[in-house]
Each structure stands twice: as structure tokens, then as C-alpha cells.
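Going in written order, the chains are labelled A, B, C, D and E, and every chain counts its residues from 1.
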């Protein structure tokens, strides 16, 4: 084996991650040695995200690091989607942290490193890389969950996320171990061997991976952490956590399953995924109806949405992957946008976020409320919003695969979901304000984030053609290594 | 029934035994100590599995560093023993038991059936590729990316731990 | 020069628009000018068309104004038709209408605000328009326009004193009952359309006549449905209930709409469709029976009524029954003849009663009248003439028309119906003279200050009375029986074109000719009956001050009460339809809508929310439970996917 | 104006209101009156824009006219394609008339955040018109759903006491129907792709899809039918309507009853019939029966109401039932009548809601019992109300009669004579409940003191109501002016269904007709 | 038979056993630290499996994997314990039964 495995190719390929890692370090150093520069940290982080995305687009497609790392339309698409999430999170974070007096370098650093982990998950062709990416992500967000040391809820969120997360990754790890054993390598490519597709132990290992990453996606019944963590975690971090890692996990699952089930997914496995999908959709939507705290409510809505995504996973295949990509792009603008609006509308971070507190905001602070409403309609899948496009493609895929039952259950569920989304809209616009205090002016960063999300929702919802083509190309480039 | 196998099984048994001790013991400090023993036993097993490097790391890093860290924290917080009362609802215990039984059964059954019908190539010799040099070379060539990524991960953990555990800054 | 037909209805329409839009501002004088003037013009226009027409051949003249509805295979025009029948109708509709408008000036002037006055004339003009459209229409659809239009106006005018609960209710009642009739009429129209593929009179009738055998059965149904419409409009049993209540409107309205014109629309329609009816003998029989029954039924009720207008109302119902009886036995000419004469004397009677009520400041109960003959000479005389005419005393108009009907019935070999008719004639004479005696004979029974105020009506009111009285006396000579000569019956000759000879399959329905001797006999009998009735009434009410009536009442209290209460038909309907309807409505709403449909749906939603509320407690907040659910999930998944492997 | 027609009349028509709404966003929130006036101006401009469509519409052709086409999602053959036939034309005119009417009415009445109100209305208008012109099922579905949102706000923000419940109910009911239709549309497109190897959502293409089995066609048909039936609404799916109509602000009720309900029938004519001719024919009897039930049931329940708006709302159930019968009967006269009746109902019920609103604004009660004998106080209002009433109960000479007459006559001549008989009872029933309403509200003695000085209808209210009344009379006297435009389109639909029923499938829509601009 | 005659079956069974025992601890103990220890045990089970396979396959990659896993475990331990400490400052306990501010 040759010793020299790091050439210009590798540099180009890894540039995006290098930027992120370096930027993280810079944050820490600036924070430590030039506290006065703290108000520039957000801007710097945005710059870092921008730079890394630029490198990502520039990177020559192909594999590197002895075929353990991929650059392709898929990774670009996924990377951009994650970068968008990160950007929104950072924009929201700035005013948020300022309000709470917690504007510290660690926050941005950890966010960037977590983003790096996502990027590794998406691009790794090697279960080890993926696992390290997963852990990087997790560790960063364990900390971010507990970031408000002054607030008990935050620390508790950290604890819960940490314990459940470690628990889940133990399962993932065992699955990886078994796969390694059966395939003799940690390369995903090595899994595509005809005999493995039918081997029960391999199926078992795949199930362990499914639950491990399903946990990250907060698929029921591996969802229990989400509501508590979302509630306790700083909202900007939630904005990221509730979107990007889910997408990355799903892509990993797609990679692995595509490798093992080259000749199509066995029905029983599909049944398993379908079961998770149905459970997530139903449980998420029904329980969301009963939520009072908006962050918990959004957590459950997220669980339900992952159910829809799981439908696509059950459908399996390139069209489904494309649908998922579209879905996640829609999900960024809708869900991250919703959390952005939440962090803009709730001014006291130390308290919980009951929906009732939004009463009359529609008139008191029109813009954030309008965007929130828009996001909710998008999440509900009302046409002319991005959310509808996502659902459109997922259901199309399901029907093409003749999974009619899943499709019907899906739409019935989205009917239920309308119930609680509209409940929030109703509180926003049809209730009278509780207090008549004048709301503080909207921070420019918030305004920008909300503007982006709102515009994104409408643009994607009304002109989805380009996105769909991008997604198709991305899906087509799902390679399993040499 | 070769000697190595005998020793391996013994080590494994020991590890499992002390693992059980760790789990059942109410005093966390004792649990940690039990776990230390169990890890030592595992280290022995690793040696027999031709992974001396890992065995070393297991002893130094795991049994040494990590668990000692645990002990520190335990001392720091002087966590009391778990009291019997105030334990959670029986339904939880029952369901857990059942779930674990089913899962364990399934897992072990799969592993056994698999162990019986192996298709992997059999090792040529015990002391083949397992020398430290090969491993390290592999580490810096094939798995360079993972290694670099790992550095970020450790950095993140470091910063994170610092961010959480330090006392409130006066500002 | 000849005036276009559309002018005739158009002028009143214009009057209506002017009055309704500007009336309240322009004041009474202007309104009366417009209201009366428009009808006057219409009358002139109508007669300028009629006079040359009377001279002519009687061939129908059709004026197509515009296409109206074209959809699917239906095509209806707005086109008017002048033929003997419609000619006869417009002749008296316009003229009587004009007189009554004139009368209204006097009647309404005092007790109405400008707005009310304008409203009144607007509605009256609108009515004229509708009525003229009805009679001039050249197809069923347009006829229906007028048909419903007059219904609307009657609704509005009955409810003219809208602040009176009773008036409002009466108006609604009238419209709804009419609607029940229209329901039949509509279906009848549809039947015609599906049979003949058109709604034009000529088309329908010619096709029907062309092949009687083919359409026979269908026609029976259609004719019955059309007749349902007629019963509604012309207040025949069982739909007669609205007409008496309709008296809640101003008296001129009763005279114009509920005596002279609108209520006869049913008769007109049946006559218009005589071809169809004659092809459906069963239907004709039904018409005859309903007519006969109504005639006697209403007459009996009329005997016991004490409200002067109600007596007249029931008499109207009964006379309409006469007309249908005539149509039913094929004596259409007689029927139309009676329509004509009835228009004259009944209008006169109503206007007379109006004058009385006017004089007594709104008093309508005959028991508080009496002895007015001296105080209201003109009214009294005209009233008497009209009453006698109605009673059928020769040579007044009523005699000839009624006699024509009876002859027709007799000739049609319907002895029972003939008996009914004859008896009704007697009753008619009886209750009319009862009315006259109670109102004008004897001494005044009202309050002193009423007595003090009594005064003869102004000329605007008396003039029409005189004219109408004259007509009631003379119109009869238009339709002398044949015993007076071949061409004596001018009406018959005039209407001949609209009663084409038909070859009715099965039985030979035409040629209802009776020997001259029989005819004389019949006349004699009817006169005798009438006179008998008169004398009896005179004896009881004029000479013995109604004591015999009291005795009768004492002997048969139940029967008397029943008659006074109009056989309690209203109460019956209330029990049978009105209350169940309201009850059903409430039940459907409360049970089906609220309880069943909404109940189920809301329950569903509630269950979902409840499930959510329950499930949310699975989120105990305890990490170990989370780990447990996780593991349970894994186990389930493994069993689901690997189970059995 | 004619210059416009070298451009894209329909696109302009669809998006003008949205543009206006966006401009409204620039208004400062305080200037509510200006905002309202601007909105009125915009809606009037929209009306002006729609008139040339009417005048330049080719009366002889039943095909689609003013067709415009542009790619939207090429990869799936989803395209932005719009075009109108007579049916859409008439309903578009109804929309462009009723919108300014309701805005005019609101000018003096809506105070709370009037800017948002105007915006909601304009967006709603875009949704409605879009639904009426879309010829691509995806496009149609988008517009179809977009309508809900502004309506939800209109009911929920400016509605009455139980507005929240009503708004939610309205939204969920309608959604419940359309979601299954959404799946059905997807199935159709996928099926078409499987058959032709080409993606398309065009009505014209999907109408050529052949179904593997009658069962599947039935299921798909039911998915569509359910969506439309809820919108119409057909018994027993009607219970959202009384709540929505009653709680909505007057202007909202006008649009809701006047236009939104019609879209259900429109959708059925435009899509369900051509797409599933066999299933549609098979289920036509059920449709008719439900229609008959609707007529009688609606009338009866209306009679039981104590709330004026609720009564009018239930009368809508009855009237729409009649329309449904007309569609089910499937004869030329009946269907033409049905379409015309939609317009009539829009005008009469619109006027009724408007006048009830006038009273409500003055007395702040909708309870019938709180009124009585006010005819003397507000004669003009009374007069207008009477006209509206008689239009709604189908008095000849007014518009209502024409539709009713055609529907009943057409039904009688179809194979289902008994529907006509049963439905004709509506003639009596409607008279009963409407005249009872009139009697209880306007007639009788003036019992309540506070009713003595109700101000008379005035200004913009009068203009709005007057416009409607004039239209009622116009249609009643010269219905052909409208029927001429409807007849060919109706015949076209019937022809296509007849053709499709015979296994050989003929192209349904988009037959290039004179006046079509490529 | 692998290195010196240790059957892979034994190794795997042992690893499975460790994993399950870890599971027991994770589910049934209330002390956060003990729970975390149990999770560490589960990971060690995985490690053992990897090494067993590695030996059987005679591949070195396995050792690399385990190397990384141990490193990750260390990092996790650091973060985890930091979180425990941070939480303990508020709640004075790490008994997970008593840590349930966030629920429902």
C-alpha cells in the first residue's frame, strides 16, 4: 500500500471541511483573546459557511482519500442544503445570543464543527468516516443543548440528549461492527455483495443502523428525545438540529441500503420502514395536537415530517431520493424558518414558549408573524408553498411504487396536522394581545433570516422546476464507490 | 480445546462477570472499579485476538484515563448510592426486562447461528499483520481522513467540555 | 293605425316603475295621474286593437317580440297573441281595471301616506301588467310569467297593510297556496313539453289535435296537473282557503284581483287549453266535479258569514266553481261568459261594499250595519242591481250566464252536477239578499258616531259603481240563449275560433244542443229557484229581523258553528300540514344536522385530540423510559423484519 | 383594451389582483380607508379587464378560448395552461362582479385592519379565477387550495362570535375532500406516463388515460367527486356551510355563497365528467338523489332557523341541490340551467347576505325574533330584500326562475322524471321559508323600540345591492345573453362524455376553436 | 477457528453478552453515571466483535476501527461528564428519575 495518500485532489476535496474546522478554531481564539470582536463572530461564521460551500461547489467531482470520500452532485446538493440551514441558524443565533448575553465563540465554533460532522456523514463512503461525522455532530450538539448553563432546562436537555444519543450510537456502532465483520471492510461499497442482501445477520445490522440514524431523524419510536431537547436547547441550535442532521442521516441510510439492496429492497425490510413511517406520522401529528409549548409542538411536527420522509425511504430508488432532497430543501425554509420566527417572537429565552404567548402578535409584530404563518402553511403542505412541493414528490413516488396505503395514510395525517398548524395561526391573528407593551424592533439579522425563509418558501413553492432538476441530478449521482 | 481458547473464554467470562457486578452494584464508585476489572479482562482477550496495540490502548486510555475521569467526577459530585425506594414504576422494569430478554435472545441466536456457519477466510497465522507498524501506517494512509476528522472531534469535545464545566465567568 | 300589442301591458309597467321609483316624492296627485292614466292608456290601446278585431275574422294575430329562453332543445319566445279569447279577456280586464283604479283614488286618498299611496298604485299597475301578460301570452312559459306575476301582486296587495299581522299572514298564505298550484302547473308544462316538444299554444294544440289517440293518456295527467294550477289560482277546493283571507287587502284590490280578474285566470287557462281537456275526458270530469263541489260548498259557507267582504269572497269562490263546472262539461263559452258577467257584478258588489265600509269608517260586520239604503242611495241601488244580477234574476247579466252554464251541464247529461248547480243558484240568491237586507234594510245597528259619520262616497267612487251596475244589468244580452235566435249568442260566435271542432276518440262530446222547449223549462226552473231563495232571505232577514236564523242556530248549534267556521278547513290543514312541517324541520335540523352529522364529525375530531392528550403522557420526561421505548422499537422492528427467518 | 388581447388576457386577469395585493402591502397600516378604496379600484379594474373576454368570446365554439400555455415543471409535463369556455366565462364574470360588490359593501363596515382584509380578498379573487381558467390538473389543484387560505383568514379574523370554529371547520372539510383528489391526480398522471411514456398533467392528456378496471376508475372518480361534493356542498357533507356562512363577515359570506360553492360544481363539470365518464354516468343517479335530498332537506332545515344568515345559508344548500340535480340529469337544458342557476344563486344569495349584513350592521343582531315590522322604517331595504327573495324563490321575470325552470324541465325530460317532481316541491318550500322570513322580519307590527330608528340603506351599500338587483332582472328578462355562451360549452362536455363512454376515446378539451390564440 | 483456535462464535457471543448486559444497566439504573458506564460497556461489546472479526478476516482495519472507537469514547466521556457536572449544579442530583423538568 502506498504511503502518500494526501495529494492536491484530497486537499480540494477536503477544503470545505478544512475551512469549517479552521473557522471554528478562529472563533475560539478570538473569543478567548479578543472578546471585543465577539459581535463579528456571526459574520465570520457566515463567511466560513459561504467559503466552505464555495469550495464544495468548486471541488472536482469524484472520490478521494482512497475512495472513502465523495464529491458529487448529491454531496453538493446535500452540502448546500446543510449550509443553508447553518446560515439561517447563525443569523438567528446572533440576536438571540445577544439578548441572552451568551454571545460566545464556543457557540459558533460548535455549530460549525457540528456542520462539519454533517458534511462528513453526507460525503463519507466509509462507515468509519460516517460514524466519526455522526459523533462530531452529536458531541457538538450535546454541548449546544446544554449551552445555557444558567437554565436548568438547558442542562437537562443536554443530559437527555447525551444519554439517549450515546445509547443510540452504541447500537449504530454494533451494527457497523457486524457489517464490518460480514463484508470484511468498513467501505460501504464492500457491502454490495449478492450473498449479503439475504443474510439475516446483515439485515439485523442494517436494522441497527436504521434505528441509529432513525434516532437522529427522530423517527418514532426513536423520537422521544426530540421534544425535550428542542424545548431546552437554544432555539438557533434547534433550527439547525431539526433539519440538517436528519437529511444527512437519511442520505447515509440511502447509501448503505442502496449498497446492500442493489437488486431492490426486500418486502419485509420495506414493511419495517413503512411501519416506522406510519408510526412517526400518526404519533407525531396526533401528539402535536396536544402540545402547548411551540417548540415541543414543532418537535412533534418534525417527527411527523420524518414519517413522510420515511415513506420515500420505503419507496427506495433514485426518484425517491430526489423526492427526499426536494423535501428537505422545502423543510429547511419551512422548519428552520419557523424556529427563526419563534426565536424572533419569544423575547424571554429563560421561560418556556407556550403558544398562547403569541396571542395577537399578528398585529403587534406583523412581519415575523406573517413568516411564521407562511412556514406553518408550508409545513402543512398548502399549495404554492415549498412544503406542498415536497409532499407532492414524495406522494408521487409512493404512488408510482404502488404504496397506496402509505400515501392515503400520509394525506390523512396531513389533514390532522392542519389542525395544530392552524391553531398557531389562529393564536397569532385571531386572538387579542395579552399585554399592550410595544414589541422591541426586529433585529436585522432576524429580519434577513425570516426574509430568506419566506422568500424561499414561496419561490420553491411556485417555481420548483429548477430544484427538481437539481435533485434528479443529485439522486442520479448516488455512487457506491468503485 | 486449545489453551488459547481456554484463556480467552476465561477472560471473556471474567469480563462478563464484572460487567454484571458493575451493573448490579448500587454504589457508582464500586461500579466503576468493577468496570475497570472487566476492561482489563477484555484487554487480555484483545491480546489473544492478535491486537496487542488495542489491548494497550484499552488499558492505558480506557481503564486508565477514562475511568479515572469517572472516578474524579464521582468524587467531585460525591454521588450517593442509589436508594432502593423512589425507584421508577414496576411497569418500566417489567417491560425493560421483557424487551431485553427478547432482544438478547434474538441477538445471541443470530450470532450463534452465524458463528456456526462461517464463510470468512480463516487466519493464516496469529502473528501476521498485527504488528503496530502496519496498523499505524494504515492509520495514516487509508484512514487519514478519519484520523483528521477525529482530531476535530476531540477538539470539539474539549471545547465543549470546557464551555460547560468551567465556573461562571465574572462578566 | 294599429297599436302594437306589447304596448298594452307595457304602459302599466311603465306606470309601475314611475310610481315605485319616484312616487314617494311626487305626491298623491301625480301618482294618481300616472297610476290611473297608465291603465287608461292601456285600456285605450287594448280597445283600439279590439274594435277592428271584432269586425275581423277572429283569426289569431301573433306578435313575436324577442327570443327569450333557448337552452337544450327548449326554445321559448316572448310573443303575444291576440285571438277571441285573449281579446275577450283584455277587453274587460283593462276596462274594469280602469274603473277600479279610478275608484281607488277616492278610496285610498284619505287614509294613506304619500309613500303608501304610491306603493298601492305601483302594485296595482304591476298587477295590470302581469294580468295582461297572462292573457296575451302566446306560450305557456310566458303565461306562467303573468300567472306568477299576478300571484306576486296579490301577495303584495293583500299584505298592503303590512303592519297588521293578519294581513301579512294572509298575503303569505295566498302566495304559498298559489305556489302549491303552480307546482302542478309547472309539472304540467313539463309534461306538455315532453309530449309535444314545444310550449307554444299553436304548436301544442295543433299537435295534440293532430293525433288524439297517441297523446290521450299522457294528456289526462298533464291536464290534471294544469288543473291543479287552476285550483290554486282560482281558489277551488281544496286550495280555496287563501281567498277569504285575501280580503285583508284594500277593498278595491279585492274587487279587481280577487273577484274580477286574477281569480278567473284559472278559468281562462282551462278554456285556453280546451283542446287538451277535451281530449282528456277524465280530466274534464274531475274539473266539473271540483267546480260543482266548490260551488255549493262555498255557497253554504257564504250563508253564515257576517263579514260583508267574506260573504262576497265565498260567493266568488262559489261562482268560480260554477265556471269550472261549465268548463268541466265542455260549456266553455258559458264559462267565459260567466267570467265576463261575474267580473261586472262582483266588481260592482265589492266596490259597493267598499263604499259601505268607507262610509262606516272601516266597519265590515254586517251585524253592525243596516238601514243604509237611505243614507247611501247610489251605493244601495247599484249594490242591489249587482246582487240581483248575481242571484240570477232576469234579465240581468247573471241570469243569462248562469242559465247557459246550467243548460250546458244538463245537456252534458250530468244530473247530479245539475242538481248541485241548481241548488247553489238558490243558495246564491238567498245569501245575496240576506246580505242586502242586513246591510241596507231595517234600522242602523252600529255605534252612534258611526251613524253620524255615514256619508255617500265621492263621485270618483260612485261613478264606477254606476258604470259597473249598468254593465251587470246589460252584459247578459251578449250571450242570449239560442232560443232567441241562431245568432243571438254573440259570445259563442265570437269565441268559436278558439273552440275548434274535435274528433274525440271513443265518445261524441260535441253537439250539446237541447231542444228549445227544454231550454225554456230550464230557464223557468232556475228563475223559480232564484226567486225562492230571494223570498226566503227577504222573509227571514228583512221582515223577521233574522229571528228564524236565530231559531235555526238554536236548533242545530253544531251544524251552524261548523258552517260559520267554514267547516274548519284551515284548522284541518294546520293539523295536517303546517304543524308537522314545522316539527319535521326542527327535527331534521336538531337531530340530523346537529346531532348526527356534526356530532359524528366533532366526536371524531375529539377522539383524535383525546388520543393526543393521552399519548403525550408517554413522554414521561424520564430518560430511561425513552431508552425503553427505543429498545421496544428495536425489538418490534427486528421481529417484524427478521421474525421467522 | 384590445391591445391587451394581443397579450395574455387570462394571465393578466388571474394575477392583477395579486399584484394589487402586493402593492397594498406598501400602504401604511393606518391608512385603512385608502387601502379599501384602492382595493375597490383594483377589483373594478379587474372587472373592466373581464368585459372584453365577454365581448370577444366566440359564441359558436364550445372549445377553449384565449388559451395560453407555458412550461412550469417541464420534467413532469406540468404546465401553466389557461383557457376558458362559456362556463368558466360566466363564472369569471360573476366573480369579477361580486368581488367589487362585496368590497364596496365593506368600505363602510370593515374597520379592523382593513388593509389585510382587502389583501385577503384580492388574493382570494386570484385563487378563484385561477381555478376557473386552469386546464392543467396540477395548476388547478394549486389554485383550488390557495383559495382556502384567504377565506380562512376572512372568516377567522373578521367573522362573528363562533368564527374560529367555523373557520377551522371550513378549512378542514375542504381539505379533507381535496387531499384524496390530490392523490387521484397523481395516480392519473403516473398512469398516463406509464401508458404514453410522457409526463403530463394536462386535462386534455389525462382524459385519454384508460383505466385498468372499472373499480379503479370508480375509486378515482369518488376521490374527485368527494372534493367537489364537499365544496358544493352536497348533503350530507354540507354542515360546514351554515357555520362558515353565518360566522363569516358579510362580504365573506357573499363571496363564499356567491362563488366558492360554485367551484365544486364547476370542478365536477370540468374535470370529473371528462376524466371519468363511465363512473360519472354510473353515479349520476346517486348524484341526483343526493341533490333531491339537498333541495328538500335544505329547505326544511332553513325553515327551522332563528338566525337570518343561517336561514339564507341553508337555502343555499337547497339551491345547490337543485344545481346538482341538473348536472345529474345530464340533459342539455338541465345542465345549461344548472350553470345559469349557479350565477343566479350567486346574485340572489349574495344580495340576501348583503342586505342581512346591512341590517346586522345597524342592529348588531341576526336573530329574526329581534326584528319585525321594520318595512315601514326601511322601505328601500325592504324592497330590495323582496326582490332578492323573489329572485331566490324563482319568480318568473327574475333570474332565479330561468335556471330553476330549465333544470326542472331538463330533468323531467331525462330518464329521471321523478327527480323533477321531487325537486319541484322546492318551489313551494322555498316560498314557505323565505316568505316566513320576510314576514317575521319586515312585516307585522313594529314591536321593538330600538327598531324604530334603524337607518335606511345608503351610499355604497345601495350601489352594491342595486347592481345585483339590476343583474337579476337582466338575466330574468334576457337570459339568452348568457345562455348563448353556455350552450356550446355544455354540449361540448356532453359530447365528450358520450364519446368517452364508448370505449374509443376522443380528445376532450383544447379542441382548437375559433378565437384561440396559440 | 481463528488465532490460536479461538472460535469466532465464542468471541461474538461474548460481545453480544457484554452488549446485552450494558443494555440492562442502561435501562435499569437510575444514576446517570452508571447508565453512561453501561453504554460504554455496550460499545466495548461492539469493539470485541470488531476485533474478533478482524482476527478472523486477518485484517488490520478492525484494529483501526477500535482505535477510533476508543478515542470517540474518550471524547464522549469528557463531554458527558461535563454535562453531568453542569446539571448537578442545578439539580444536586444525577438520578434520572428526578430529572424531569422537560416532559409531556
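Here, a contact is a pair of C-beta atoms (placed from the backbone, for glycine too) under 8 Å apart; a residue touches a chain by one contact, two chains touch by 3 or more.
Model, not experiment: these values are computed from the prediction.
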Those chains which touch chain D and also touch chain C:
A
Average the C-alpha coordinates of each chain, average all protein C-alpha coordinates together, and give the chain whose average is closest to the overall one.
D
Need the most distant chain from chain E, centre defined as the mean of C-alpha atoms.
C
Note, CA centroid farthest from chain B's centroid sits on chain C
Interface ranked first by C-beta contact pairs
B-E
Inter-centroid spacing, chain C versus chain B (mean Cα positions, whole Å)
104
In whole angstrom, the CA-centroid distance of chain B from chain E equals 5
Let me have the rounded angstrom distance from the C-alpha centre of chain C over to the C-alpha centre of chain E, please.
99
Distance from the mean Cα position of chain C to that of chain A, given in whole angstrom:
79
What residues in chain C touch two or more of the other chains?
605, 616, 619, 621-625, 627-628, 631-632, 634, 638, 642
What are the residue numbers in chain D that touch two or more other chains?
172
Two or more other chains in contact with one residue: find those residues in chain E.
15, 19, 22-23, 26-28, 30, 35, 47, 52-53, 56-57, 59, 61-62, 64, 68, 72, 75-76, 79, 82-84, 86, 94, 96-97, 99-103
Mind giving me all the chain pairs that touch?
A-B, A-C, A-D, A-E, B-C, B-E, C-D, C-E
For a test of understanding, state which residues of chain A touch chain C in their complex under the given definition.
159-160, 163-164, 167-168, 171, 200, 203-204, 207-208, 210-211, 215, 220-222, 224-225, 227-228, 268-269, 271-272, 275-276, 283, 286-291, 416, 419
If we count contacts the way the header does, which residues on chain A are in touch with chain B in the complex?
1-6, 10, 14, 17, 21, 24-25, 28, 35, 65-66, 68-69, 104, 106, 109-110, 113-114, 116-117, 120, 126, 128-129, 132-133, 135-136, 139-140, 142-143, 146-147, 149-150, 158, 181, 184, 195, 200-201, 204
Write out the stretch or stretches of chain D touching chain C in their complex.
172, 236, 239, 242, 297, 300-305, 331-337, 340, 373, 375-376, 379, 383, 390, 395-397, 401-402, 405-406, 408-410, 412-413, 420-421, 424-425, 427-428, 431-432, 435-436, 438-439, 442-446, 478-480, 483-484, 486-487
So in the complex, which bits of chain E are touching chain C?
23, 26-28, 30, 35, 96-97, 99-104
Which part of chain B faces chain A closely enough to touch in the complex?
106-107, 110-111, 113-114, 119-120, 137-138, 140-146, 148-150, 152-153, 155-157, 159-164, 168, 171
